[in-house]
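Each of the next two complexes has chain A plus one other chain: chain B in the first, chain C in the second.
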Partner chain A sequence: MAFLKVSSPHAHGPMSTGRVMRLVLMATIPGLVALTWFFGFGTLTNVLWASLSALAFEALALKLRKRPIAFYLNDCSALVTAFLLGIALPPGSPLWLILVGTGFAILLCKHMYGGMGYNPFNPAMAAYVLLLISFPVEMTNWLAPRGAVPASELLGPIDALLRSLGIGSAPIDGVSMATPLDILKQNDALLVDDLWAQTPQFGTVAGIGWEWVNLAFLLGGLYLLYRRVFTWHAPLSMLLAIAIMALLFNDGGSSASGGGALFNLFSGATMFGAFFIITDPVSSAVSNRGRVIYGALIGVLVYIIRAWGNYPDAVAFAVLLMNFAAPFIDHYTQPRTYGHKKPNAQEKA
Partner chain B sequence: MSDVNYREISLNGLWKNNPAIVQLLGLCPLLAVTGSVINAIGMGLATIFVLTVSNTCVSLIRNITSDAVRLPAFVMIIAAAVTCIELLMQAFAYELFQILGIFLPLITTNCVILGRADAFASKNRLLPSMYDGFIMGLGFSAVLILLGAIREVVGTGHIFANMELLFGESAKAWKIVLVDDYKAFLVAILPPGAFIFTGLIIALKNVIDGEIQKREAAKAENTAPTSRRVRVTGNIS
Partner chain C sequence: MRKIWDIHGGIHPPENKTQSLQDNIRAAGIPAQLIVPLSQHIGAPAAPIVNVGDRVLKGQMIGEAKGFVSAPVHAPSSGTVAAIEPRVIPHPSGMSAPCVVINCDGKDEWISHQGISDYRSLDKNTLVDTIRNAGIAGMGGAGFPSSVKLSGGKDKPIETLILNGTECEPYITADDILMQERAAEIIAGAEILRHIVEPNETLIGVEDNKPEALAAMRAAAEGTGIEVVSFPTKYPSGGEKQLIQILTGKEVPSGGLPADIGIVCQNIGSARAIYRAVCHGEPLISRVTTVTGEACSTPRNYDVLIGTPVQYLLDLSHFDASRCIRLIMGGPMMGYTLQDTAVPIVKTSNCVLAPTVEELPPPPPAQACIRCGMCAEACPVSLLPQQMYWFSRAQEHDKLEEHNLADCIECGACSYVCPSNIPLVQYYRASKAEIRQAQQDKIKAERSKERFEARQARIEREAAEKEAKRKARLEAAKAKQQSATKDGSKDDIIQAAIARSKAKKSGGADNPPQDPAQAAIARAQAARSGDAVSETAEEKTARLEKQLASTEKRLAAAQQKLQLAIDNNDDNVEAFRSGVEKTEGKLQALRKELDAHRASQAPAPAESVSDDPAAAAIARAQAKRAGGAETESPDAARERLTTQIASTEKRLDAAQQKHADAQAQGDVNAAAFATAVEKTQAKLDKLRAELAALPAAEPEPAAEASNADDPAAQAIARALAARNANAELSEADKARNAVSSLEKRIAKTQQKLDQAQADGDDNAAILSDTLAKLQGKLDEARQALDALSQEEG
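On to the complex of A and B.
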């Protein structure tokens, strides 16, 4: 037996990039299960196609850039991008849509900027926004959740595959339905309480299905927090900001209302964004103080775009806007190192 | 100034110092109106006209304007040329005029034109200035049309649509549909697409330049092997 002699300190780094990424992948499982239960197998086919194509694009980019392919594929960062994009896309999205998305995310958003660790924008969210502004019809075509339609209407595994490939009569399988955020946005006649009573998509606190999906992502996120993959600063401040904005601007449920705090916290991509998107270590702010500001501003933007913007959900736009601002936030929130003056202090004097 | 090299001017305007992808001047029309080939051609023709006219006039008056009023005088000339092309387009290509909209009068503020007036025409004789204006305009238009073609193909799946706006009724048949029932890839036609594809074109140019340089370096090494010393010791200069 050969013993490696190493001098002190005998510290070891338990968190390699690959390990962190695999933990993140694992933590999406509850959310994936919830999405599959409520919306059928469409999300799983999304994730499947996105993963395969993302790995292929990643290998292609690494080959073009003359980097070691196996080494970088092993860190699973492309898989994480693929999972996040696959979850964000409407269930059962067509294959070409997913290919365009992952291609843009991996080739342009990631490797054009220098690959893993150098991308200023979150690749999954950039691709999502690209698809949303390019193909609004396909991107707003959400399936109806279990509970609003009978379970037989949900996409089975074979149907989902056929649908994503665009084969046969599959596109009619699965009924599409506006999401609760959509309904709330387009409603200009009914009070929120009436809306709630008259449309089948609403559940206990938010949309039927959506509240459970958000809870599942919250669960996965808390697991990651427990494993110290990220700190609590960004997610907590984002959720608090959304809640505070919703409380401040909730007008008691008129037809122009953007929904209350609980509704906003458990609708759309709130929890998914808070724990899986804005905690991206590459494109977010780096200091703890910076993360609080970063998260809070994302929360504020999410509410602003949801309530007064053109698009029903806002997490992707808010994240991209704040990715722009992250270096700026970092500049003003550099922590003081022991024995040194406050950085950037001379500029204020 | 007597030995003006026309070849040099051509090479500069079209490739080495291309106004659109090397100097990165006039990005506003470059990004705004290159959604299709026809728009790009219209804008390119207008820019060529304005550049040539303004360079000619500036070169003519270069010895009688004082430095202090130089720039205002240039801008007046450019504005006059732009007004001409605007009225011409209104007369002969009204629909295209409407599509190009505000970007036609905005040619006045295109930095390429003032830049060439100040950097070249105000220091050179009439003919070279005229030629420089034309070639710079041509280089700019070439990039406009290339970008327009890429964006039209990626964005809509067809190319050379609406050519009748400029070339008469017979040009209606020029439209080529490359992919049937193509899903419009809106981002290519929207401003972000302009930025992305401009960046890709610039990257392509840099790659080509790099290849050319590599080849020249290789050639230089091959042609002069005898001048190499086999054993090198100490400091040789």
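On to the complex of A and C.
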């Protein structure tokens, strides 16, 4: 009779990495639905192409690295990267753009650093920034939302596929439209209230569609929080930081205004970033205190870049910049261990 | 309601406690054989005090405590000692350790024993001794001897006595059922403990998942002032440090003991055992153990004799081995796997867990860490397990210590929550062991270093002694040499030079010249003072030649001093060097004067005879030259002189070599060699001067007439013959000869060098220097030879 000789603990919790990733994928559903409702099927084709190509690149990388392909594909981390990138790209992005993005994310940002768990930067955001800098025209070509244009102008599933393949007849320029963040950025003549009244893209608190998309991602994020996939520390501190920055620098709605707190919280990629990007554990700070600092600094950076930078949205840049700072934050936020007066890093200082 | 605190982290694994709580505690009975390990506690193993074949009674001490942190062991039942030998004991490593094996007779016959009716009348030390003699060690898991905790110094008063009834591990119910069924005994034990440690308050901590136990304990504690505290169920609340934090809000300092903050903690099972020991005189020979897991069809708690084989209990519980792939001693979080069901139950065995494969499946392969931080969320001592995991993998021990690896209680919460199935605790255990090993190695290395340094010091001391002896010998040799010089038997050039200069200073021109050198000096002085007018041509030649010779001698002496100074790194090197230069300048001047004089006195009379041997030789040579010049063409003379110079140079080389060797070896004959060198040098210079003077000589038709009666001429003839012989050799052959002679010298020098090195002689450096020089010469000679060979070829 041979018994197993293993070290304790013998029991294991129900959580697994694959399960965590699948929960994240599930939590993107409300946001995907909202995006599709307001901007047509372009986001879904993004996600489709991104998923297929990311899985292919992941398999290729695993094969080159002589790792068991099925075992690692099963953790769904490549799918998560693909979803996040597909959501971040303008709806109906061309296939080649997506291929460049997923290839860069999976091959360079992930596997070149040693694969899952070793990447210092969030792969989806690194790819997004690469594309934004390299192909600004394609990357800023957002479609007009339902409400600003008739529903018939939105991309249908077939149109979206054809458009992504570059063989469709979809009138690209006809339906594309600046996002509210763009409009606010470009505005240098009108007061915010006038701008609001004159521009069809603005809705109740932020842009038409965008406020709902952000709400949907907030919903998905709260679900993940409920499932304890991550802690509240980073998302909450990021959102608070954005709100505080917007309130601090609110000039009453002049033409140079960076927008109010609500506008900033529900515009662009704010909620998506807060719950799906900065909560990426691999590239963020590790302790709870560290995550508070990490999230807050991202929030501050987001507002700074939106208000005074060259780009209308800033989540990707802010996240990448703070990815750099994560190890530094970790070093100074070591928690106090039981029986110790102070964390060791501070004891030494 | 008492305030309770929360611990950081913690997890809520499935409790699985109800299965084994279906029935009361049941006596497991007496197995045929009991295996009683002599070490069931932390500290020194007990020493057996029975022999094989002895009959032992139940409760008889069979192993006595060795040392302060130790505990005795007793026979759990009556029978015969069958063996005292190593058996496999319950231990994560599956190791064997000495055990007393008792073949039970089934009579279960007690040794006479007696409880203390009124323990309050006894002093504390007696009570602590009673507890110690009963062999009571922490029954919660670690097995720390209870008496040691109680006999802690009185320097720090104990404020709080805590009884640990938490039992936070899943599956285990031994404490739970003991509290349910033996609450009164536990409270009685707590009273004894209170009497011993005199705390301000006594708390019994029980998790809120044991309502029946809580009720029973509260009922038993009624009116005693002992407070039974319940708190939310969470693993690992039952860790001693964690329970202290929950009940008091205090933290045991890292590396410290609960006593440091005025707290003593005991397991409730230990409290009950203390009661049995004090009030009934029964040592710790049995305990309650849970046998559970789905592979046992009748999970329950047993009152088990210590030493009962696990297999015996499994049989009682209808264990199905085919459904079980791992057998665990302890709980699913901190227990260890057993390889052998023959291992005995010991004082710390609270559970035997026999799960089915489905119940506790084998660990799946670990995936990459995604730094999710769930482990840090779960850690009850606020560590950063994932950071420690990276450091552990990289074996960065300093970083691990910085991250407080030593404070890890190995509860397994981090591994439990890890979504990537990384066996984190296993890494920490390995790293802890590595660090321990490294510390031991460091201590060992330090000892080795000390030994090495002591040895080094001894060797240096011995070398210094040897050197001192060598120097003493050298000094003695020098002294001997000096005394010899004083006797006039040897010419130590330095001594001679000193003597000369002294003589010159003190004597001056008035002293009658007693030796040729002084005569020369006298003459020189006379010449300077204007006496030169009265000097004849021969006298002048002789004087100049003498001056030349003596200057050459001084030059040689000065050169030698310089060399010595260089070798010894003397500060006066520069002074010596300028001395040498001056002497050289003087020598040049003298040579010029002599040449000029000779040129003007070409037909000098050959008959002039000096009483000085050197002058005589010069005279002879001059005579020869004057005479021979008629039969010798200037060309022939040049050739002859060149040959002579070459051969003299060789001899000079040889002499210098000998001298250097002698010096290197500290030979007392060095001075003699120096003189030889000097003489040869003088001769060489003379020859050179002659050669230089040659063009001034009258070119006359010369015939090679032999002046057979003249020794100088004979020498010249010999030299000529030699030259002729040499001339017959090709240039290449000459070069070959030179090479071979150099090689011989190198070989000799090498030999000497080896010898010197073997002896650790200081002169090795000098010799190796000489060797290098010779090697240089050899290389040059070889190159020349090669060039010649190529020309020939």
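The working rule: the second predicted complex is superposed on the first by the 323 of 349 C-alpha atoms of A that agree within 3 Å, B and C clash if a C-alpha of one lies under 4 Å from a C-alpha of the other, contacts with A are read in each partner's own complex, and residues count from 1 in each chain.
We adopt the following convention: a contact is a pair of C-beta atoms (placed from the backbone, for glycine too) under 8 Å apart; a residue touches a chain by one contact, two chains touch by 3 or more.
Computed from a predicted model, the values in this text were never measured in an experiment.
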item: Touching partner for A:181 - first (chain B), second (chain C), both, neither; value: neither
item: More chain A residues in contact [chain B versus chain C]; value: C
item: First, second, both or neither for A:133, with chain B first and chain C second; value: first
item: Partner chain in contact with A:24 - chain B first, chain C second, else both or neither; value: neither
item: Which of chain B and chain C A:231 touches, first, second, both or neither; value: second
item: First (chain B), second (chain C), both or neither touched by A:108; value: first
item: Contacts of A:315 with chain B and chain C, given as first, second, both or neither; value: neither
item: Which of chain B and chain C A:282 touches, first, second, both or neither; value: second
item: Common interface residues of chain A - those touching chain B in one complex and chain C in the other; value: none
item: In the complex, chain B residues that touch chain A; value: 183-188, 190, 192, 196
item: Chain C-facing residues of chain A, complex; value: 1-13, 15-17, 19-20, 71-72, 75, 77, 115-118, 228, 230-231, 281-282, 284, 286-288, 291, 330, 334-340, 344-345
item: Sites on chain C touched by chain A in the complex; value: 8, 11, 13-14, 92, 94, 170, 241, 245, 251-256, 321, 324-328, 330, 332-339, 341, 353, 355, 360, 362-363, 365, 367-374, 376-377, 380-384, 386-387, 402-404, 407, 410-413, 415-421, 423, 425-426, 429
item: Interfacial residue positions of chain A with respect to chain B in the complex; value: 96, 100, 108, 130, 133-136, 138
